[in-house]
């Protein structure tokens, strides 16, 4: 039976020991979405056309949260992140905004958690900025899409476009 | 047409001015879930029976993240949080773990973002601790269930049990 | 002779004791500017017209820095900030950008440092985003313009418009 | 026409991707000054002779702020800083204190922002500790003096001594 | 049998709910000491007479750590600290430095943890600054001396001077 | 006479310049203990048998504090920590809990401070969670046990088991 790497033999939490690993180039892509009322989406779209501050603010929040991942996720390693980029797609049909993050590092361990944390922070920031008009927004489908680099080899979510 | 409160007249981001508001008791409840393989759920359940460190660690991450919400969400107000509690339910049928947070404060604005941030941090921590065996886990249905206190009145998500 | 309030009788650093003060409404306004090449200013202005992300990012940095002032300035008190707003004016004549912050709180001490920290963070962020094309930019005239509330009475910088 | 490196093709904020860069030794020197009343300068000088806590506190604030630069400046990369030193010169003629920071790193990108952030934090801390006697102090001339290392080559501000 | 207030009925960690408590004035005093070689003590004393930067730096570290207690201690409440002061006594006989902190707040819960955290941070900073000459230093007797305010009534350590 | 490395020639605080050092593998082990009433120890032991949340929470606090050491200890270098592990031993005879931390890194300087900070954070968290039933707990014997790697060579506390 497989074991959870973040627990020691007696079931207690630990940071995985990466001291024997070589620093290599690694990359991770994560996605998620936030659904909302059609009218909320229209307000964001209107602002996007004007100044872009809802999505612009969410992008900055995501980049800054990626850098602080080891402060938030107890067993994550601190890493000298080399790049974070965030993209949004407004989807009128599903009445939602899709969020995609891409994070790169040269380090002893990967940046999956940084990518997932960035997506979560972007979604939470959109919620915060629109909650006065729409408290029913829902954050969903936050998932890892792809990772490359590292000993465990590449991962690509099946079915991801 | 309604306006986004976190944008000024010209569409630029701002913190909402709550200086004229009275500090009152406020509470928020949020939920979310993380789905995974049946075997991953079994590993967590086995650990839960022994020492509980996967869910125990996620709970601490959630409480600590709630306290740091204004550092993560750019336009959130700092608040002297009075209480945070986190509950998990392992759901064998849907192969997922449900997360519920409850946050209380006496303050000039509400704690919806603290409750949502706590749920997100718990879900991300579970992902981190189990990702060595299951990279396909998905975080979904992160939403506000209930809020009380404040001038805008109570909110209760319709259909929430 | 006057004394420095942040030093005790023997000249050692201390936090001023505000435990006997009443929490009242307080407000502070600070300003500063960053000068640069005409071509750099043109690039920011062009971006401003398009998406606004240089000044938009600087605004978010300023708001977030204001909230973290007590972590940066050793003897500052933590305060539940009620509002932060940031304005920029592009001045073609002096080839600079003026930054103004306004911070409000209901607290036992004032928010002058929060306002000054916000201005500094905005200026540093503009520097960071433009340094690839202009390393010679200079941040100047960071100063308190006005403060109201508190026992020491209002302050208004003479000559400030 | 030159482009701002921190904006992508569509004008949106991004962290510059340094993942392809080699880690090399880099250094940056920044300066700034804070002007004040003659009597305020005398109080600091008197304390300096005694215990040095105004400038000593400002020095610690500057070193600590340098380490936290990537948390404050949204698009800055986290870097394993190797050294920070801070010097002050009390200038009786111009009734001001000059601040100089020197920061070193072995990394994929430079430490200009760390040096500038250190100077700003030192100046803000001096302001904080003296504001009870002099609210009119002004922070000026915060600028990069020198940088070495990195692909873009050395920079030396013309006219800097 | 008494219960641990930070555990719920099923033994899980929680923040104690203070939302029903009134904000009152509270104060806590903590102490601790760090023992070292006679020669190390002499080096600190020599610096103390000159510039005071070992103990001056430890004092700033202690004040800043007190403000960040809720970020370090998982179940602590964030509090708007009103005052922190730190005193050192060099004790030649026991070859150690005694540290005392005093913290005040008007809040819904007490500041015992802030006072103890301040003492610990001061001791760790002294260790850091002297470890090149004395790795055998030992931090001991970190304890609460006194607390006033709050429903549970005053506490005074028996035998404390 | 030896000198304190964290002070410059004039006695002022500085970060030691490690820019000329090679990154090598380093490790540090620290210990400490917290003594308490027999009944408090019994409560922790009972919880330990059930869910382990007192010591589980203290372990997470210790790991997270180790990662934040350079934010707390003013002159510490930021380091990409590779591993942190924490062990507790409940000692019925001395009515205390022993805490041991082990930290690893590949870096330009060592992790003694990270190991000592982890032990302190664990002890403070135990104090926090039990203070409602036992305010007299005392944290003692926080010391470095062993360090390996680095130019100054290995250190092993004499008499440590």
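Here are a few things to note about the model shown:
First chain written, first letter: the chains are A, B, C, D, E and F, and each begins at residue 1.
To be clear about the criterion, a contact is a pair of C-beta atoms (placed from the backbone, for glycine too) under 8 Å apart; a residue touches a chain by one contact, two chains touch by 3 or more.
Not measured: the values here are computed from a predicted model.
Looking at chain B and chain F, the chains that touch each of them are A, E. Under the touch definition stated at the top, chain A and chain C share these contacting partners: B, D. Minimum number of contact steps separating chain C from chain F: 2.
Seen from the C-alpha centroid of chain D, the farthest chain centroid is that of B.
Of the two chain pairs examined here, A-D and D-E, the one linked by more C-beta pairs in contact is A-D. Taking the CA centroid of chain F as reference, the farthest chain centroid is that of C. Once the centre of each chain is set as its mean CA position, chain B and chain D turn out to be 37 Å apart. Here the spacing of chain E and chain F, counted between their Cα centres, is 16 Å.
Between the CA-based centres of chain C and chain E the separation comes to 31 Å, rounded to the whole angstrom.
Chain E has residues 12-13, 16, 51-53, 56-57, 60-61, 64, 68, 71, 74-75, 78-80 in contact with two or more other chains. Chain contacts here follow an irregular pattern that is not a line, a ring, a star or a complete set.
Of all possible chain pairings, those that touch are A-B, A-C, A-D, A-F, B-C, B-E, B-F, C-D, C-E, D-E, D-F, E-F.
Chain B makes touch with chain E in their complex at residues 25, 27, 52, 56, 59-60, 63-64, 67-68, 78-86, 104-106. Considering their complex, residues 51-53, 56-57, 60-61, 64 of chain F touch chain B. Listed in rising order, the residues of chain B touching chain C in the complex are 8, 12-19, 21, 70-71, 74-75, 77-80, 107-108. Per the touch definition, chain B reaches chain A in the complex via residues 1-7, 10-13, 16, 32, 39, 43-44, 47, 50-51, 53-54, 56-57, 60-61, 64-65, 68, 71-76, 112-113, 116-117, 120-121, 123-125, 127-133, 135-144, 147, 152, 155, 157.
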